[in-house]
Amino acid sequence: MDPTMDRSMDATFQRSPEDPDIVTVNMGPSHPATHGVLRLVLKLDGERVRECVPHLGYLHRGMEKIAENRTYLQFIPYTDRMDYLSPLAANVGIVLAIEQLLDLEVPERCSAIRVICCELARLGSHLLWLGTHALDLGAATVFFHTFKDREWHYDLVEDLTGARLTTSFTRVGGMMHDVDKKWLGRLREFIDAMPGRVDEFESLLTTNGIWLKRTQGVGAITREDAIAFGMTGPSLRAAGEPYDVRKQRPYCGYENYEFEVPTGSEGDIYDRYLVRLEEMRQSVRILRQVLDNLPDGPVNVDDPKIFLPAKKRVLTRMEELIHQFMIVTEGFECPAGEVYHSTEVPKGELGFYIVSTGERSPYRLRIRSPSFNNLATLPHLVEGGLVADVVANIASLDPVMGEVDR
Amino acid sequence: MGGLETVGFIILTTLALASAVVVVFHRSPVISALALAFNLVSIAGFYLLLNAQFLALLQVIVYAGAIMVLILFVIMLLSIANEPGLHRSGFLQTILAPLIALGCAVAMGLAVYRGADGPAYVVSSTDFGTVRDVGTELFSTFFYAFEAISLLLVVAMVGAVLLAKRRL
Amino acid sequence: MLSFSPISLGFQKLVAESRLTVVLLISWSVVMAAGLMFLTHLLPKLFNRAKVKRIDESPYECGMKPYRRVEKHRFSVHFYLVAMLFILFDIEAAFLFPWAVTFRDFAADKLFVLGEMAVFLGILVVGFAYVWKRGALEWE
Amino acid sequence: MTQDGKLGVDWIQTNHPEAILSRGEYAGQHWVQLDAQSLVDVCHGLHGDPDTAYSLLVDVTAVHWPNDPQPMEVVYHLYSVEKNDRLRIKVRCGDEGPVPTLSGIWRSADWNERETYDMFGIRFDGHPDLRRILMPDDYTDFPLRKEFPLYRG
Amino acid sequence: MDIQPLVISLAKIIIISQVLMGGVAFMTWVERRVSAIIQFRLGPNRVGPFGLFQPIADGIKFLMKDETLPAGSHRPLFLLAPVIAFVTALCAFAVVPFGPIVELFGYTVNLVILDLDGGMLFALAATSLGVYGIVCAGWASRSKYALMGGLRSSAQMVSYELALGLAAVSVFLVNGTLRPTEIVAAQAGWFWNWNVFAGFQLLGFLLFMIAGYAETNRLPFDLPEAESELVAGYHTEYSSMKFSMFFMAEYIAMMTMSALAVTLYLGGFHPGFPTGDLAGWPLWGLQIAAFTGKVGFFMFLFVWVRWTLPRFRYDQLMDLGWKRLFPLALANLAMTALLVAFDVIKG
């Protein structure tokens, strides 16, 4: 089939008759401002958007199907590729769901490290969001400023996990490895610098007249609509609903840390911008508390059926070698049952619904992605608005197509 | 200098006539419009040849720079290329157009014929054709005409808004 | 043929010079532009072996085949209104230029000429206010 | 351990006892299987009643049990922002549905039901725009069904 | 006939056009280096010292790129559009006096290409013809993005042309002439003789600069090529040197706009203080340097603004042009007219 063949466009148009005054523009999948391979078919009446039809699936890799044919551990690397802007957060999400299925408690130190992962991922994701958002509205310099810090964040992630993008840092019942003091020191440098950096970004944008003109009152959504659309994360909070999984149903010991959940009132692009900026500050606050009270002790659970034994013991002892062999080749069995577990990733509520029939791989694994549901509001936000605001709205929703299409 | 001026005149005439022919005969309205713009610019050349600098520049700014842009806009916006019936000319048009053209030609021929006998227009001052010259005349001698123009412009403005508003 | 009465040779010379300079200026710019166009047409043909593919030459529509040809679309009538208003105010500006230049020359009648322009602009401002009020300046 | 969904299940038990086909719990998460006919009524209540106020339809998906007489199990995850409670609702249907749509109650059902249709081929009655969402429009299979092979080859 | 003045004219044209082209090349380097400094980057620093030869490398690259002509495009117009943009941009600079009348190699040379009585009108006329390049590019590409970009761009240009022209009228009123050399001559001596001060034209100057930014399609008014929504606007379909010519036209237009602003408001080539006994080449050397310095400052400003501000939305931009700049320019004109009428501003 011709890849550029456009059947879906025809399908779109069968629903509403042609009008010569309506200009139909295809925006994406190969467009500089659609944040990946999002494709929108826009019907424009002059500069106004009359209709906006998103077409998804350009990054659909059938992760849910793949999961049914992988052991639980084998699926962790796939989560790296969902929200590729904050893979650490998704890593944490999947193992928490599996651990709930197994009814497994992890040591405190492990939970603390996971919090570090989540918040570091949030900082990285928001840095990218801010840069590209500003770039979409023409402020190219902010982009380079945030990317400079994002590079720093990536260096930290690389030192921690050995990879910049495909982190796969978590394990069921623990982490890939413990964190060392040196790295924690570097992390502290980073978070000490961050609040100042956020202030600097703010000084570039928050009071800039053109920025206000482009964002205030644009793409506003009410709290009720946002909830009805299944919006979660910063975009929902900007609409005034302080729903944050970290507060409502704490995991990884989030209840032990002090932080605020910033909310907006208008639900417009400007509020989403402010909420995310404040979230970056709160992330720093959480990270600081974690660093100050990082518990000692083991990181991993002591369960040889689930967690890989230490390499040294594998090489010297028979029993551990067998365990290692079993976990790697066949995985472990989960009890029959089903859980839905969600975490607050940078984009919103990332949920994993796992149905297990007692096998070594999930019978069904459903990924509830925040970007997918947030993006569903896009037509609501842009229809009746101006075409230039489409880009601003996409950027403010911060969708990641890897997570939308899965 | 006279020789050079004649050469310039011949070149300009050729350009103006050629572009005029394109305006009339080209199938694509956009090309016709562009040719008309070119035609207007070459007429500005005539003004320059006649030492009317200011007029020449205004010709370019107003006619080529503004009016033709509007015409181009309309052609491009409304994609006249695809409107059926626009290439076919009506009965009135086929009859009236040659008649009016003929009338214009006769009137101009008469003017040239009469003028040929009389004395050539004598340039009265070194300022001839400059902005200053035009301004002095305009704001003293042609006072009423000048004020009437503003009324005309306002009428055009109102008309434009009313016409467009019907579609807005 | 055409005949002009030269008033002063100096003036005539200056005018002729600047007229020819305009011609020279335009010709040279066109020569430069055309030269660049020619070079960029010729050089790749001489040095690049790869052929331009057909897909490279399709109009850009974000990787999709254009849904309808662009000529089938009609664009906002608002552009027309902007162009129309531009013409009218451009003509107004055309009268402002000679006025601005000669204003001081009317030494005694200065106030009269000022009033003249005030009336002219006043009428136009009324028109502008009408246009504004009717929302023709709103970019809907 | 939290008892998620108990609130909702009890509410259904009180108000629509006839709609419940079965119920269960795992890891503190309660679920209830409803009769497809009464799904919309029950959901209206769960959404509108201030006692429950499940205002957020978090997710819609399905599970394929090919050996069951009613092989398709549509799973809804609800969340009550006010009560901070999660509820899982299940509805069984035949191979291609139909299941009544919930897009009249929660707009998030729109895209999620489209995805469920796209992946399982379950039709949602009354859905405003039931088209494929992730797969190409001319695709004929439903990839998340169990009979769909992972390797075709 | 006397061929000598024509030879001098031709020499001036060729030299100035080459200087402008060199300026474009230099500006692309400056743009990238300055943006790099603003963004904590290094910028081009590999080709030649400080990356100074980068523009040459870019030029060669542009020349060697494959020529793509979009299918279905209107060939003649598609090729003509960049030429129009380039030629009109180049012509507009011709009326700017960049130095006094000098004695050079025994010839009297007026350091301006075209010393026209209606010189400022010539610049405006050339700018107004520049719209054709954009309209043709948009239309001839036969692509929706290009056409919409072209329409937007031309509507924007004509809108701001008005504000630009009206702001300039106040200066003509102050100096009583349209001839750039005379406008510059009136601003000789101390810098308080400049029109921006002596002519009470601070507002007019600001209006002129803002309109100039819009007229040259630079940020925050770079809507026509707003890559985030219209990809690249009217030059979406252009590649190789044809794209580069639009690019060069933009930079030349920036220089013209800076030079016009300097000429109209900031004393042109006059350095802003009495030059006293200076005469001959030290004098006009100083004057050309002053002119270059002032224009250079505005060029830097163009770059600085571009890398600092976000971009306006299209309706906001049209609002600004029609509802703010245009009435303000009229008000400025009225104020200037009163000041001139009551001899507050001396001729």
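The chains carry the letters A, B, C, D and E, assigned in the order they are written, with residues numbered from 1 in each.
One rule holds in what follows: a contact is a pair of C-beta atoms (placed from the backbone, for glycine too) under 8 Å apart; a residue touches a chain by one contact, two chains touch by 3 or more.
Note that the structure is a prediction, hence the values are computed from the model and not measured.
Asker: State the chain with the largest centre-to-centre distance from subunit C, centres being mean CA positions.
Answerer: D
Asker: What's the farthest chain from subunit E if centres are computed as the mean of the Cα atoms?
Answerer: Relative to subunit E, the chain whose C-alpha centre sits farthest away is D.
Asker: Looking at A-D and C-E, which pair shares more C-beta contacts?
Answerer: C-E
Asker: I'd like the Å distance between the centres of subunit A and subunit C, where a centre is the mean of that chain's Cα atoms.
Answerer: The computed centroid separation for subunit A versus subunit C comes out at 50 Å.
Asker: Taking each chain's centre as the mean position of its Cα atoms, how many Å separate subunit C from subunit E?
Answerer: Spacing between the chain centres: roughly 14 Å.
Asker: Whole-Å distance, subunit A centre to subunit B centre, using C-alpha means?
Answerer: Centre separation, subunit A to subunit B: 63 Å.
Asker: Give, as an integer number of Å, the spacing between the C-alpha centres of subunit E and subunit A.
Answerer: Each chain's C-alpha centroid was found; their separation is 46 Å.
Asker: Quick one: which residues in subunit D touch 2 or more of the other chains?
Answerer: Within subunit D, no residue touches at least two other chains.
Asker: Got the subunit E residues that touch at least 2 other chains?
Answerer: 116, 118, 121, 144-145, 147-148, 151, 155, 158, 161, 178, 231, 314-315
Asker: What positions in subunit B touch 2 or more of the other chains?
Answerer: 1, 4, 53-54, 58, 61, 65-66, 69, 73, 76-77, 79, 131-132
Asker: Inside the complex, what are the residues of subunit E that reach subunit B?
Answerer: Spelled out, the residues of subunit E in touch with subunit B are 1, 74, 77, 116-118, 121-122, 124-125, 128-129, 131-132, 135-136, 138-139, 147, 151, 154-155, 158, 161, 178.
Asker: Provide the residue numbers of subunit B that touch subunit E in the complex, in ascending order.
Answerer: Going through subunit B, the ones touching subunit E are 1, 4, 28, 30-31, 34, 37, 41, 53-54, 57-58, 60-61, 64-66, 69, 72-73, 76-77, 130-132.
Asker: Applying the document's contact rule, which stretches of subunit E touch subunit C when the two form their complex?
Answerer: Residues of subunit E touching subunit C: 2, 5-6, 9-10, 13-14, 17, 62-73, 79, 82-83, 86-87, 90-91, 94, 113-116, 118, 121, 141-148, 151, 155, 158-159, 161-162, 165-166, 169-170, 172-173, 176-178, 231, 236-237, 240-242, 244-245, 314-315, 318-319, 322-323, 326-327, 330, 333-334, 337-338, 340-341, 347.
Asker: Give the list of subunit E residues in touch with subunit A in this complex.
Answerer: Within the complex, subunit E contacts subunit A at residues 35, 38-41, 144-145, 148, 219-220, 222-223, 226-229, 231, 307-316.
Asker: Which part of subunit B faces subunit C closely enough to touch in the complex?
Answerer: 1, 4-6, 8-9, 48-49, 51, 53-54, 58, 61-62, 65-67, 69-70, 73-74, 76-79, 81-82, 120, 122-123, 125-126, 128, 131-132, 134-136, 138-140, 143, 146-147, 149-151, 153-154, 156-158, 160-161, 164-165, 167-168
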